[in-house]
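Next come two complexes built around chain A: one with chain B, the other with chain C.
Our next item is the complex of A and B:
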């Protein structure tokens, strides 16, 4: 288990960061700092998803602590403010509720790259590995041995499906769904 | 390759491959899970041995766990082999699809070639016709060339006639060579020969000049 304070810059241990600043300009800056911290933390630890409370979610269900609680300096961000940060992140396209269509979600995908940027990276993989015009399952993309060196390796499958959507809009890809309407594979041309 | 023209098409082949790949994914998932399980159980086994160093060999639990690990290992091996089989199958399928493209390309090329060859069906007739036209053209050329030659001859005749007329109008001046009749006989002494010969030559030059000029 990695303590956020060991991988994050010094500003993470700056006590005023944990109190919602009354001045709007300063608060905007404060929220921007938090967004940077969340993105940097998730990127460094390869976390794709966080709960509303800021606890990273991963498949092994190890107990983890929230990024918004700093035991070292005995501070934590109040839940209301945390929600404000999440909504700002969603607004900027740096986070996305796991349950699409709902504004408030209990879990969020953290996007340290934008969806479009992920889409181009995925497209690049398709071009580099010569998988154009072939059916490739989402699982293969996320967990297969061929993507092991790529940044999107290990991405949750629903999120990866979201990342392929911009390609579909450009008519470069199609998502193939299974009987229950869950996207299972893609074909990129 | 217009990006707007059409959506990406999913064919039946694609669906079949997808099914194959999904089962491949399932096996891949299974091997990962089994791998993790084996690692965990091995760790547990080591732990049990460490806790009970003297008589772990007689411990039923330890033996059972080891058996379990072997069994899982066996399953893992099988799964791996199946995975390789499936992967090979997918590659073969993909290659076959390429081959189909190849055959289609050949067929299409052949079709076009036959079509083009059909265009050559009347080629003999055409060649004959062309030959005929060429000989006809040659004939025309000959005729034209002859008449041109005739004109040339005519010009020459005209020239000749004009010359003749010219001769009639302007008769050739008669050249009067000096006579040697009234000249005294040459003396045997060679005195004065240089003067005489030079004078003779001068005279001759004077007489000949108008001829050269003409």
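Our next item is the complex of A and C:
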């Protein structure tokens, strides 16, 4: 269990950060600060997904503390403002709802890189490892030993499928789906 | 020229009255004349009639050029109405200095001292006290007129100064102030012996000599006449009314002088007696005429009607206010008795220590504008005194109009008629016009009006930023306490709230909302974008 305040910069302990600022210009910067914090936190801890409340989700289901609650200075961000931050993140492409209908998702993927930049990273791996024109399963991509040194290692499979979509649009890849329509493998040319 | 005295005026242009002095009337736009020539630099000002003086306050340089005239010095007065280009005037004839002194010297040289038969007090009277003396001299101690038969043994007429020449007399007096009882030679101006306390004969005469010897000339009065060489023989002063007809002022002055003369001659004993054995006495006390106003004016037509209507209204007002004064007198008597009864003398002393204030009565002003002007001056004065504490420490002050309104009405206007918020605001807007520079009416956040001394807003902002920076977050209460450290709440919470709001809007402070309240922090992380547009 890592406390967010130990890994995040000093601004995380600045009490006004937790109150929605009335001044619009300041508020814009305040939200930007929050987005930076969320991204930095997830990147450093390798979290891909967060609940609406800001609790990181991982496969081991450990009880974790929400990033929006700072027990050290006893401040927390009101829920309304949290939602505002998430919607702003989605708008900027730095987060994405886990459900396909993007609005009012209960969990969000946090994208510290944009989808396009993830896509090009995946493409780079295909080129480097000589897997072009081969069918590679999504599971292999996310959990396989060959991707262990890569940043996208450990990425949830649905998110990874999303990352490959831009490649499909450029006709560099095809997604192979199972009988329920869930993407299971990809082939990059 | 000796009749004019310097008068102290506050920065806002209101004269400082003496103890027991009451103001009666104010008139605007007057000029002064001495004899027949204009007095330079005294041609545009306000004139105050008080129970003791006529005070001229200059509009341009109130603190320097204001002068006053003692009502005591006025022999009689005459009113001349407006005629073509000549404005209405009030001519005040002064008691001529020469005749007074010559009379004085005649009587002065002879004094009789006598011992009161009742209280054995040694009294001094001017002139020879004989059987024919009328009115009989009154004992200063018990207030009973002396009976010649009973006191004749003790009468002692001293006329030894008569034969001596004036100069020799003064010297003699100065040197020979020996006590008759213990022979100690006292200072010439002392009236009771320093050693044994015996009353020294002829003390009053000596005092006058001393006074006349060092004829005191007030250096603060600089009067210049337009035609300085105009005749000195006639001694009178004119007040020229440029705007109003001055009739009311003239009549009020006449009345004031009459009252003053009456007060001088009034008997001390049995003063407030109303009746003896059911027979009313001192009748004249009660039929004392009210300030009289002429309804028959020398004007005809509609103007005449309007004028008479106006004077009628004024007469009613005066009647009402005098009725109120009587009521107030009664109330104050009741208070006095109460105070005596409970024995809280300390409190009484405290109240007496206060300065007498100019009472600005709505009824005394013919139009709204002049009333507002006067109110503005008073508000200014009041606000400045409120800020005094702050001024000494920091040199800045600030107050919301709402607070000021409540404080002013509560402390100054009770009994004289409250003013409305609208009037307050109009009065404050007049500060600039009236040449009152220290305080300004400013609007904060586009909604709250404040009375502030120059730059106080910026100063307070700076201070708050400094405090929030050093304290790492402050709430309103903390800020109020920190800012008012040492002084008694000179920055009100209202003002602070407004300033905080402004800083938050400008992005200089950021807020941290808690259950216990809002904490303010210095904005250190999010720079203010200069070019927002």
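Here is the rule we go by: the second predicted complex is superposed on the first by the 188 of 189 C-alpha atoms of A that agree within 3 Å, B and C clash if a C-alpha of one lies under 4 Å from a C-alpha of the other, contacts with A are read in each partner's own complex, and residues count from 1 in each chain.
By our rule, contacts are C-beta pairs under 8 Å (C-beta built on N, C-alpha and C of every residue); 3 or more make two chains touch, one makes a residue touch a chain.
Since this is a predicted model, take the numbers as computed values, not measurements.
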Next on the checklist: Quick check on the superposed pair: does A:25 touch chain B, chain C, both, or neither? Answer first, second, both or neither.
Outcome noted: second
Next on the checklist: Taking the superposition on A as described, I'd like to know which of chain B and chain C A:130 touches: first, second, both or neither.
Outcome noted: neither
Checklist entry - Just chain B (first), just chain C (second), both, or neither: which does A:172 touch? => result first
Checklist entry - So, A:33: does it touch chain B (first), chain C (second), both, or neither? => result second
Next on the checklist: Contacts for A:181 in the overlay, against chain B (first) and chain C (second): which applies, first, second, both or neither?
Outcome noted: neither
Next on the checklist: With both complexes superposed on chain A, which partner does A:143 reach: first (chain B), second (chain C), both or neither?
Outcome noted: first
Next on the checklist: Help me check something: in the complex, which residues belonging to chain C touch chain A?
Outcome noted: 473, 504-507, 510-513, 519, 521, 523-529, 532
Checklist entry - Which residues of chain A touch chain B in their complex? => result 134-137, 139-140, 143-144, 170-174, 176, 184-185, 187-189
Item to check | chain A to chain C touching residues, read off their complex | outcome: 11, 14-19, 21-23, 25-26, 29-30, 33, 75
Checklist outcome for this item: chain B residues touching chain A in their complex are 3-10, 14-15, 17-18, 21-22, 24-25, 28-29, 32, 94
